[in-house]
Amino acid sequence: MSVDRGEERKVEFLGGASVDGAPVAYVIVLAAVVLALSFIPFSVVVAAGGSFPMAQGILPLVGWILGPIAGAIANVVGTALAIFLAPHTASIPVMNIVGAIIAGLAAGSMVTDGPRKRWWIPISVVLVISWLLYVGRGILVNGVGLWPAFAQSFIDWSGTLLFILPTRVLVGKWLKSKNMGLVAAGLFLGTWIVAGAYHAVQSPIAYWVLNFPEEVWYILIPILPVEHLFRCLIGTVIGTGVIAGLRAIGLVKPKHAIY
Amino acid sequence: MAMMKFQTVERDSFFTKLDFRPKLLMMTVISIVAFVWENPIMEATLAILIIVSCLLVGVRWGYIRTVLLIMSPFYVILLLTHGFFNVDQVKTVLGIQQLKPMFAIPKNWWLIGGGTMSWEGFFYGINIIFKTLCLTLIIPLGIFTTEVDNMIVGMVRSRIPYKIAFIFSSTLRFFPLLFQEIQNIIEAQRLRGLAMEKMGPVKRVRVYSKVAIPLILGAMVKSQQLEVVLQSKAFSGDSDRTYIHQSILRWLDWVLIVFFLVFFVVSLVLYIWFGIGRFFSPV
Amino acid sequence: MAKKIAVIDNISYMYPRSENFVLDRISLDIYGGEFLGLIGPTGAGKTTLCLALNGIVPQFYGGRFYGSVQIAGLDTLHYPISKLARYVGEVFEDPETQLVATSVQNEIAFAMENLKFHREEILARIPEVLAAVRLEGTELKHPAELSGGQKQRLAIAAALAVQPDLLVLDEPTSQLDPVGAEEVFATVRELNRNLGKTIVMVSHAAEEMAEFVDRLAFLSHGRLIACGKPEEIYSDIELLTRNDLRPPQVASTFYLINQKTNCKVTDVPVRLDEGKNAIVKIAKMAEFDLSSPLPEPPKYSGSPLFSVKDLKYVYHDGTEALRNISLDICEGEYVLIIGQNGAGKSTLVKHFLHLLSPTSGTVTVAGKDLEKYTVGDLARRIGYIAQNPDYQIFNATVEEEISFALKNLEFPAEIVKERTEFSLESMGLTQFRNRHPLSLPKGDRARVVIAAILAMEPEIIIFDEPTTGQDYRGARYILDLSRQLHKMGKTVIVITHHLYLMPEYAERVIVMGKGTILMDGPIRDVYHQTELLGSTFLTPPQAVLLSQELGKLNGHLCPFLTPEELSDRVVIKERQV
């Protein structure tokens, strides 16, 4: 095949726009996905008849596809625009924004090696402080009992703990596995951790504003884990489909992607 | 499609002529102050001021009514839980031993008999209701009165990188397309004979979630195309470019910036050192 | 000789992670003021060549590159894409993804802002370019408020605004309805003829390309296999057919006449008016055998599958989408529905599926009122194949995709297995059963969706614009599948804008316009109602127009539909001197 083609040229990319190694266009479309799914309610038949937007199930996935910084940006832009378009859907806007940022950062930091292998430390500090603020304020200021405080914040502290422990790295490893069963397991565990993490930073904010009495803590004890479980289920179903699809299409992978 | 753009007000007021930066500052300051305050009367005053401002600048009453209607069940729950159950917390905050009862439910009523609604708890609930109202309604006041173009330039002038501002505006451009696609995908699913109403919750979640898969994959394929489009339109992400829309701070903008900065500092000082803004019960 | 705008010198290119050259030793000069058409089947390298003109290939994609491309004297490997964008404006296929701004004026300003044009200059140029594409007064509109044709014209205006030396359009009409496509072609021609813009355009619309371009470059498998005037390229039918490309029907008609009469009656014309002249010439020396009968469409009787009476549908916002619709469709029919976007085609079909309910009037399916069915019930009887097959792909393997609905409908395991196997086999997908559907080429993905629908054993199959965005080979491929299903006894309904493809498939045609049925009859009758078709901006195939020309000359009715039918009936008289 070497007929008169001449010499191979040196190919160099002379400029172009990316956000922390992810093409700007990827960040835009995933932000738009978060925004669009913010308007699809997920009515889950739990005891209280709770409902949350489907977007919550994919915030971690965006972090894994784009990496921590671009993921956080896509999440925050999508979430903020959802609030701007329909302010009445968010009772405490700042809570949604903070949660979206943490989801991207935490998911994108589940790496095994490289210069970002220590990013989990500051994130963990934020998570632990948030949890302490939440539970601490409940127990010390408002006299909530020790047991309900722990039981009600189960998803927060379990997510945080699993993020600090090597399970964080395990998720990263599973997500990159060729075995789709392991990928699904990684997605389930990973969504548990990341959704737990963003819930953990949202809790003290919600609690500061709403300052609900001890009785409400009791009511929430069974509801929160069920809701969380559904979030994980959504994250897993969507995540396995999307990751299998992305691998099949062979799209250019963002630099810090974990899949 | 109705949700394509921000709801923009039709009335031209001094507020629509303002730059985005003082409004950004206003939203931040008001949110923090509303967040910090616990005084029901001060929160209520702030909330009413915001609602009146909204109406003055042309946010439709219909919109505000929708917000109130959607939130009202939540408000009722807040009032009831705080009124009936928020006993220890309110006692601690106010440093008192006994709460003033508003009314009590007869003892012989099933399950809820014997509960007492306290004035202090009631007002604590009022405080929270107006707090969330402030946080919610300050957004339409700032956003509905600003054109997207001015928002973008305002963001760039506030030293937010153009790249981020661009992501912001393009997301708004592509969202209606994706939203339309969701409808198409759900339709495609129904046409595969999937009747959601007949499924149990877990199965429904599993099937319903699958809507997002073609949505995201389709979006990712398009994004590579979009990247090519951006490149061929000389997009480099650099903030150093020209802008057809201008963002100039006029004296009115400066007045507002100074006002909100002063308001911010003063209210924090009053709160921290003089306790103005802390919770109290008018009754 | 005009000035060279672009010099492509012996380039070869291979995408990363690929082992084939998608461009292979191509040399081509583009001259100032010319209108160059780029043609070739899908996968020939046309898009890649367009992207090589502004450096996106290879700078953005990477990969291996040989040779050089010079634009305005700049080597595309030595300058950033953003600098080259000053000299080359690009317009792409998808009207949606290429508009990036939230208003018309922002869209036009975008590239100029990036290139740091002064604000005053940008503001001055916006009305100029809008006038050039006839979109005056739309400055503040959101792109979503524009029609498909207007969106593409806006994309052209945005590309024009930086005053590039070269305007490249990559299949700008393939997603549009006939009206939109005509708008875009007219705009591009005006830019070339009146403003002297240099144009490179990729398109599968052979008839239009033959009319408009000065020169054609023909790509196949990455090689430039021919380059010349349209009359040279499009008249070489054998070359085109060998490379899966469709010639204009005028050309194939006269090529066939020459072949069948075994003498060169005329040069093969490539444009319609030349074809009409050639018919006059032939009429003088040939006779037409009008005695041999034309195929008659089969008659269908029995109680109708779909029966629509006085259907009216009004959307929530008050727009009347359908009115006075009455029709019956019988079991086993192959029905074609045509009309512009917004004519009501999809709205009508959605009633068949009960995705919509009539505002007034009735729709019955198999004798039972529509309201008695749920969408799920109908979905088992009616298979619907959307224009974009990717919306209908939810699973990670072909096999799971096909069994997905069956499992959700809780069929017993053995039936799921049996039907899945049958579908895999009849659509020739058995070898791909474990592949991810999205890893297959577009045509095969459509086949997966069809197989998934077939598994539900529907009696009726509806194809909604299956040929949009496909090249000739791809479109034929899907239509052949539709014929296969029709032969299996299914009732088939197809919506398409590509009238020239359908004579071999459809039996009956329903023409819709502005929410009503304009005509409903056998394809032969409908295609020859050229005036009525013209009133709703539909152009019948050239073979039909030539037949009518012939009919006018010899005073007989010549209801032919295809080049084959027309050419079959030409008999050369004794040569007159």
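Labels A, B and C are assigned to the chains in the order they are written; within every chain, residues are numbered from 1.
Convention: contacts are C-beta pairs under 8 Å (C-beta built on N, C-alpha and C of every residue); 3 or more make two chains touch, one makes a residue touch a chain.
Just so it is clear, the structure is predicted and the values come from calculations on it, not from any experiment.
Chain centres here are C-alpha means, and the one lying farthest from subunit C is B. Across the two candidate interfaces, A-C and B-C, the one carrying more C-beta contacts is B-C. Mean C-alpha position of subunit A lies 21 Å from that of subunit B.
Look at where the CA atoms of subunit A average out and do the same for subunit C: the two points lie 42 Å apart.
Chain centres here are Cα averages; for subunit B and subunit C they lie 45 Å apart.
Multi-chain contact residues of subunit A (touching two or more other chains): 15-16, 241, 245, 249.
For subunit B, residues that reach two or more other chains under the stated contact definition are 170, 172, 177, 181, 210, 213, 217, 221-222, 226-227, 230-231, 235-236. Under the contact definition stated at the top, the residues of subunit C that touch 2 or more other chains are 60, 80-82, 394-395, 438. Listing the residues of subunit B that touch subunit C in their complex gives 1, 4-5, 148-149, 169-170, 172-173, 176-177, 181, 184-185, 187-195, 198, 207, 210, 213-214, 217-218, 221-222, 225-236, 240-244, 246. Only residues 3, 6, 31, 35, 66-67, 70-71, 74, 78, 81-82, 85-89, 92, 124, 128, 131-132, 135-137, 139-140, 143, 163-164, 166-168, 170-172, 174-175, 177-179, 181-182, 201-202, 205-206, 208-213, 215-217, 219-224, 226-227, 230-231, 235-238 of subunit B touch subunit A when the two sit together in their complex.
Those residues of subunit A that touch subunit C in the complex are listed here as 1, 3-16, 180, 240-241, 244-245, 247-250. The residues of subunit A lying in touch with subunit B in their complex are 15-19, 23-33, 35-37, 39-40, 42, 44-45, 54, 57-58, 61, 73-74, 77-78, 80-81, 83-88, 90-94, 141-143, 208-216, 230, 233-234, 237-238, 241-242, 245-246, 249, 251-252. For subunit C in complex with subunit B, the residues that touch the partner chain are 51, 54, 56, 60, 80-83, 85-86, 88-90, 92, 94, 96-103, 105-106, 109-119, 122-123, 142-144, 158, 162, 353, 355, 374-376, 379-380, 383-384, 386, 388, 390-395, 404-405, 408-409, 438, 452-453, 456.
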